[in-house]
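Just below sit the structures, each encoded as structure tokens.
Below, chain A partners chain B and then partners chain C, in two separate complexes.
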Partner chain A sequence: MAEGVTQPSPGPEELHPLVLGRGRFLDDLHVPGMLHAAFVRSPHPAARIETIDAGAARAARGVAAVLTGADLPGEVRPIRTRIATDSRATYRCTDWPVLAAGEVRYVGEAVAVVVAESRYLAEDAAALVDIAYAPQPAVSAAEAALGPGAPRVHDGLSDNRLFAATLEAGSPAADPVVSVKGRFRHPRVTGAAIENCGALADFRANERELVLWSGTQIPHLLRDLIRDCLDLGDIAVRVIAPDVGGGFGIKMQALPEEVVLAHLALRLRRPVKWTEDRLENFLASFHARDAVVEAELAAGPDGILRGLRARALVNAGAYSSFPLSVALEPLTIASALPGPYRLPAFAYEGAAVATHRCPVGAFRGVGFTLGPMVMEGLMDRLARKLGIDPLELRARNLIPPADMPATSAAGALYDSGDYPALLALTARAAGYGAWREEQACARISGRLLGIGIACFVEPTGMNRAVYRRRGMVHVPGTDAARLTLDRNGQIEAAVSTPTQGQTQRHAFKRLLAQKLGISEASIRIALGDTARTPYGSGTFASRSMVGGGGALLTAAERLEQRLIAFAAARWNLPANALRYEAGAVAQIEAPWEKLDLAALAAFAHGPDAPVLADAEPGIVVHATYDSPITPVSAAVHLALVEVEKDTGKVRVLRYVVAEDCGPMVDPAGVEGQIRGAIAQGIGSALFEEIIYDAEGQLLTASLLDYLLPSATDIPAIEIVHMETASPGTAGGLKGVGESGIIGAPAAIAGAVLDALEVDPEEVRLPLTPERVRTLSVDAA
Partner chain B sequence: MTEPSASPRPIRVSVNGVDHERTVEPRLLLSDFLRHDLGLTGTHVGCEHGVCGACTVAFDDQPVRSCLMFAVQADGHRIGTIEGMADGETLHPLQMAFWELSGLQCGFCTPGFLITARDFLARNPDPSEPEVREALSGNLCRCTGYQSIVAAVLEAARRLRQAPPARFGKS
Partner chain C sequence: MKPAPFAWCAPATLDEALDLLAGHADAARILAGGQTLGPLLNMRLATPSILIDINGIGELAGLHPDSAGLTIGALTRQSTLEDDPKLAALQPLIAMAIPHIAHRAIRNRGTVGGSLAHADPAAEWPALATLLGAHLLARSKSRGRRLIGAEEFFITHLTTALAPDELLCEVRVPPSPPGAGYAMLEFARRHGDFALAGAMVRLTSDAGGKLTDPRLVLFGTGRRASRARRAEAMLAGVSAGTALFAAAAATAATEIDPYDDLHASAEYRRHLAAVLASRALEEALARMNGKRHD
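Now for the complex of A and B:
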């Protein structure tokens, strides 16, 4: 944007360079003297490494170095993700060597790295690295990994169970009940951001600083890990997230390749860049979900829920990822299952097992996506069994507003929300009654329409207490903001939550401008660079508005107090004689006497400024924010689909959402998040599946096999809003980033089963044409 | 028959109206040539197997996947990339519509969509929504769910019909 331009921007300013192709994504970055890395990856799911001959590779044209696990000096430590467990959980830590040390545990595991003058030459040399493997028996499916005599993924552990947790609340009803059960299987999927992962490490020896650029969602936590894995002595680490082409949770895990790059930069004394290609992304860059849940729901004859019993098994892959570990899915599935319903009894067992597959990590929605898949699926079954309309059944069981705030059967606080009103709003917006009529008419002419309903809650911006309760010791749970009034009267707001395209700069600017009563033009936002932003958790789990925004609001209040203090010094008046309003401090008794931000800045940076012995000159305030509660957003999704019996094709005809994510700072941004997440959920429901064979070979390693939905697969999504502010967070703010994907698989699956009028023993996503045909044949 | 040579050869390519002469290996991808040899990093690489469309550029006014072509194939041809779409700092109506209507979030897929949409609207200036979706079905976006992209293309089409700009070329 040109300097001094005062007319409002046509859109969020951060989008302007992007439409011009002026983004600076990881692979666009160039540092003089830069070398390029290519990784040699295991073709076997399980094998001992017998010999590695890198001689020909080292001698190849343009090659600067070839390293294997054996070449890393002892001080490059493995990634070791710890979990502090209580009596209800057990966890076994795995050591994840950043280059395979003597054995490989999944196809795609990095075994060696080649560094050369160009990526082309690095790949040429990588093909010359001669590795002799002794393949071992491999285990691929989670159920098989639990079986007696299953190959052990980690020899030091007695079996493949890495994490187990139980939860029991309430007591099951004694009187006769109706019950329904089912098994629900969510495929292994991945975020598949259009930008693959990558990193660029540059050791600036003279400044004793190691700079690591990475498309990471967790700059500060990644910096922590680099320090844990490498002995850096007096070398400072700076992590910078440049423009990032989508993260979706996958980029919140640290990649072993990032640690290798950091080590290479230190060792070679030259910058080294690595970018994944799509094949590597599928092989080795964090998968997700891959879980099966068996559950039984009990109710009275009136459909009022009595209890839920569930057991979850997660296929976690070969290693526990950083920072959340394999505990993530089993724990979040437990939290998700009760949903927005009154549930008097809840019994849960969850486990994560190691297999010879790529490690899993967080992907948008995490276990909260499994929750509605199961609960809403069972609610539909119950409705069919009892002959109650499925919408009516939900209405009977939703926690009413009079009971809010409520504690869920999983022990979570639902701070605010009117779930029955949200359901009614959705039904009205969709015209639910008309949909049922349309469905009935269509059936007469042989067309199969189905309606799916998903009612769910989404905890957002989880605070410190949640991460401590989960035992996730590497996540602080706080975020932070620093506000600096510079010498020109502009405010720089540095926030700990980076961006991967969610337009946080726009939303933060608006939030701060509204809070301080100033124009957005006088604010600039700094994100993503550990040298420019205060320490915090990062951007994931729908936390940037709650955590980052909460920190901004808190810092803004401190800024107002500090501005008053400086004005008091300038006027030689007591602070209580002054008031801050709309970008200026005024004297209460003489309100025409004002000092605006420019005047205060000039004073604060001028020769008569008071000297604050324990703070920087000028006006700088800091806030570390631990959200007092975890605010809970909620939504209802209604989907209308058509199923073609003969081909198994599912067409999503209409999709209606009522969302309550509290006060919306950036409504366009909120709707963008909801629609994008729903598209990903439709992907999981109908198209996407990472498939390994029984031996652990990856079969879906390109976008030709792993199908992402295109513009013809996603309908226009109609959204209506409620805005129930949280009583517990700064600004009443709640998050929304994951909401769409939490509801969509449940809504689509429910709609397909409704169309086919079937209740299979196992609901298996994605509902590909083959699976839909099988279901419809079974129904006939 | 002799084996084709893998040694570097000279090429001359016009990119956004500017001629470039370089010597390149035959195996150098057009996407890598544009991004790293010419420093035009606006064209992005998402898959290198021709599915995602992020690498779409105009090749003699036709949208092509630059990840599936070699730089040597561009010898003597005209390439149009995202960097040539605006007129200086004046955005093309498509770029303006994407900006105003949030037809992007992370922006990584956006150049590919813009090049594809520009060509589509030149051939079909008054499309229906299903026609827009069909035309864009070869470009993948993971952030937006497509709805705002489609809306932006329809709005740009409307503006282009009202005031066709003389100065925006294709390459």
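Now for the complex of A and C:
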């Protein structure tokens, strides 16, 4: 090793097989006799399917089957995502046929599937499927879809509005106020995981079990959906998520293709694999965001906030995705807008409208990203208007710790946190004052520096009550863990929140080892297999540490009780004479008398094992966890950027984060989450945009046109921490999976506008060099 | 994203390759580094029935400097040039440009000939060949050897003067004039992307400090990389100066025919061309005057 060069830490062992090429991702799986599927996809945004001639494709070399929508028997039902709405919301269900039924509604919609001996042959034959389409008028932009004469995406509905909700709280004070407003447009983006989606389905006739491997984030809910869409009788469905190369929320939606694969395996009685390629991923995996928010913020002359009024419009694409539906984005934007601020009045209208675009789904941060983009954008405007330093303006309005727990203007409970301290910590870590001086000096020499601030909260690990309130009936809101102590004293902890590379195994091991006072080496974590893990919601919305971790902690307490019960039987003592401590059960009166895990395991599996009244032999415990509250993490981001005046190029010079996500089980994992999500947020702010033309044709169907930030575009991210435990969750745990991307677009956009000293009518991301230059020319 | 079926043949000699090309000209594609052709095949945008893989033809690779300049074999990898310590002295502009071509992994496979034959208007090699007055040697069974000047070689977007049965074998670059100052600037969304616009400059001067044969090439701003002849004419024979450079850059920006695409409008490209041309002229001057050594 060269002197002075520090080696990067190798990271948790869990990642080693993945980075050494020893992972087993979906496409690495091979089942004997396996066939390969390729989908034929619509080239039209809106068209009727007149005829399909699959004769040549069926006759092509190596083809086992070609199916169209018409070939699917009636028992293959469309994906139907329900929402139970209250009086303040309306929702219209869209049926999403798993293969287009007579009509296509977006470019890339699956119309037919070809199954052949190899993917090459399947693609050869797919090109031979002859489909006659009658193109229909299409609508691509959300605003256009609401127009009076707009083509309707679903004939059965009176207009294209799929979801609408309103929210009103408080009333703005009547005394004179200043107000600022603006329109904020977040592009349609996607998660762009390294591994695309896909599925492998295999029917095991002996076991009467249909096994579906998929990179899904929601194995149990996907299993529910497969059962809902297919008539399976006594056939069990088992979903297995193997190693997964990134999910980011995109893989928490069920794909119609997954249902088709399950059907194919049953129908053909052969395993069938489909590996989505990048082109398909852009055409037909889930997109996200595509939202515009118009908002107005009112304050007193001292900058104290009086009220916020906002209207959000989300371009939801052609169908409502499973399990969260098109309601997700408008509902989340509503809850995110008030942020960490005291806001006496809030009025909100949000809608999701159907267009002839690919459906949107969850992507890391969901509508929470729009919250700070709008609120922090308006705060900057207010600061400029009032001549108050933007950091000071925020400090004046943050909810103080004395108010905790607080209820936000959107009705969300903020359980804990010290937001003013977090802001002060960030300012100190960054040297905010020095940044302002540097900015002033640079300006004299003609260089444009800008500072962006994002203060925000991140509701994490949402519980059952939140999903019931939102009407999201397909999500239980609970998670679960099962602990099994085996004969050798090893614990298998099976948890319902799978990993997509976030190193939950490592974090869960740590959490459990600390809780039980045992070594991490005696724990094995099982994830991502519905046959091995108990039923639960899955990994999304920053829930795996709160939900999965909470379930583990609860199960650990039950395990202690169970161990005590076995020890009581072994010693013939009452349970209340014993206690569990640091990996062993001890007698309270004679603490040197101990049985450790290995001894208890041997006893419980040995010839003298008792059959306890309330349990089977062996030591197995189970816990389903519904977090008593939805814990709220918080963070502040500060970004320093330079804008090159004559080209509009933006360079991020410094990026400082203060994060409070509660007690950190795995600090390296926490920082990895923050860094990765900020990189994606910088992507949304400066690079990434899925573009459709006005007719609904997708123009960005490859990574040549959809620009992801590369290593050289991401600055070193400096992170400092506060750890405020939640008073309401097991272990005081909170989540952190999305934080970075919630703040980054706001911080970057704010910094660019600060550099240019402009407040355009519309802030439109990504801030491409050309858009930035246009802003600066318009300002001059 | 799997290619349509094709036959693959890997000739061991140039002669074999030319025979194959003669036999299959219209149905064949030459496979060099595959960094462009690979994706085209996978997306079925190219569906040749036969691929002629020239990677086994050793005589097509390598650098040969002599008094007539530098000859670079078509199969020479970009990374071979990048790693060659002699290049910066022989051809400073080429050495400046190579790191801007895609990413190292792509440069490890991508070839000079592939880049020239593909003729992307935003690529560095066509601009280099145009500015440096290179000649390209093509060979075929029907026409024998043809030496084509760069400005005749690049016809338009993805189109060259190569006939379907011709193989590009080498590019010949005349020696760098003594005392020349070079600059190469490009503006891309991310490092390694094709440029939205780029400018290359070579300045030389006579004993009296007057510019002789100034060269300015803009790329990524039209159907092909092209010399800004009117801007060059403004600069020829005069003493260099910043004011003049701005005017020449503005003129150069009127000599191009930029296009709109997803990443930039034509208007923005024209603007960038002027900005880059002006900066590149200044940099080249500083290098010519020995005030800049990077």
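Throughout what follows, the second predicted complex is superposed on the first by the 764 of 780 C-alpha atoms of A that agree within 3 Å, B and C clash if a C-alpha of one lies under 4 Å from a C-alpha of the other, contacts with A are read in each partner's own complex, and residues count from 1 in each chain.
Convention: a residue touches a chain if its C-beta (ideal position, glycine included) is under 8 Å from a C-beta of that chain, and two chains touch if they have at least 3 such contacts.
A quick note: this is a predicted structure, and the numbers were derived from the prediction, not measured.
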Partner chain in contact with A:Y120 - chain B first, chain C second, else both or neither: both
Touching partner for A:Q680 - first (chain B), second (chain C), both, neither: first
Greater residue coverage of chain A in the superposed arrangement, chain B or chain C: B
Contacts of A:D646 with chain B and chain C, given as first, second, both or neither: second
Chain B versus chain C as contact partner of A:G246, first or second or both or neither: first
Partner chain(s) touched by A:R278 [first = chain B, second = chain C, both, neither]: both
Contacts of A:G191 with chain B and chain C, given as first, second, both or neither: first
Chain B versus chain C as contact partner of A:I691, first or second or both or neither: second
Touching partner for A:L573 - first (chain B), second (chain C), both, neither: neither
Touched partner set for A:S710, first chain B, second chain C, both or neither: both
Interface residues of chain A shared between complexes with chain B and chain C: 120, 277-278, 702, 710, 712
Chain A-facing residues of chain B, complex: 25, 27-28, 35, 40-49, 51-52, 54, 81-83, 85-86, 89, 91, 95-96, 98-102, 104-111, 114, 132-134, 136-150
Footprint of chain A on chain C - complex, ascending: 1-5, 43-44, 187, 189-193, 196, 262-265, 268, 271-272, 275
Footprint of chain C on chain A - complex, ascending: 119-120, 123-124, 127, 277-279, 646-647, 649, 687, 691, 699-700, 702, 705, 707, 709-710, 712-713, 768-770, 773
Touching residues on chain A, where the partner in the complex is chain B: 2, 10-12, 15-16, 18-25, 27-28, 120, 191-196, 243-246, 248, 277-278, 500-503, 668-669, 672, 675-680, 702-704, 708, 710-712, 714, 716-717, 740
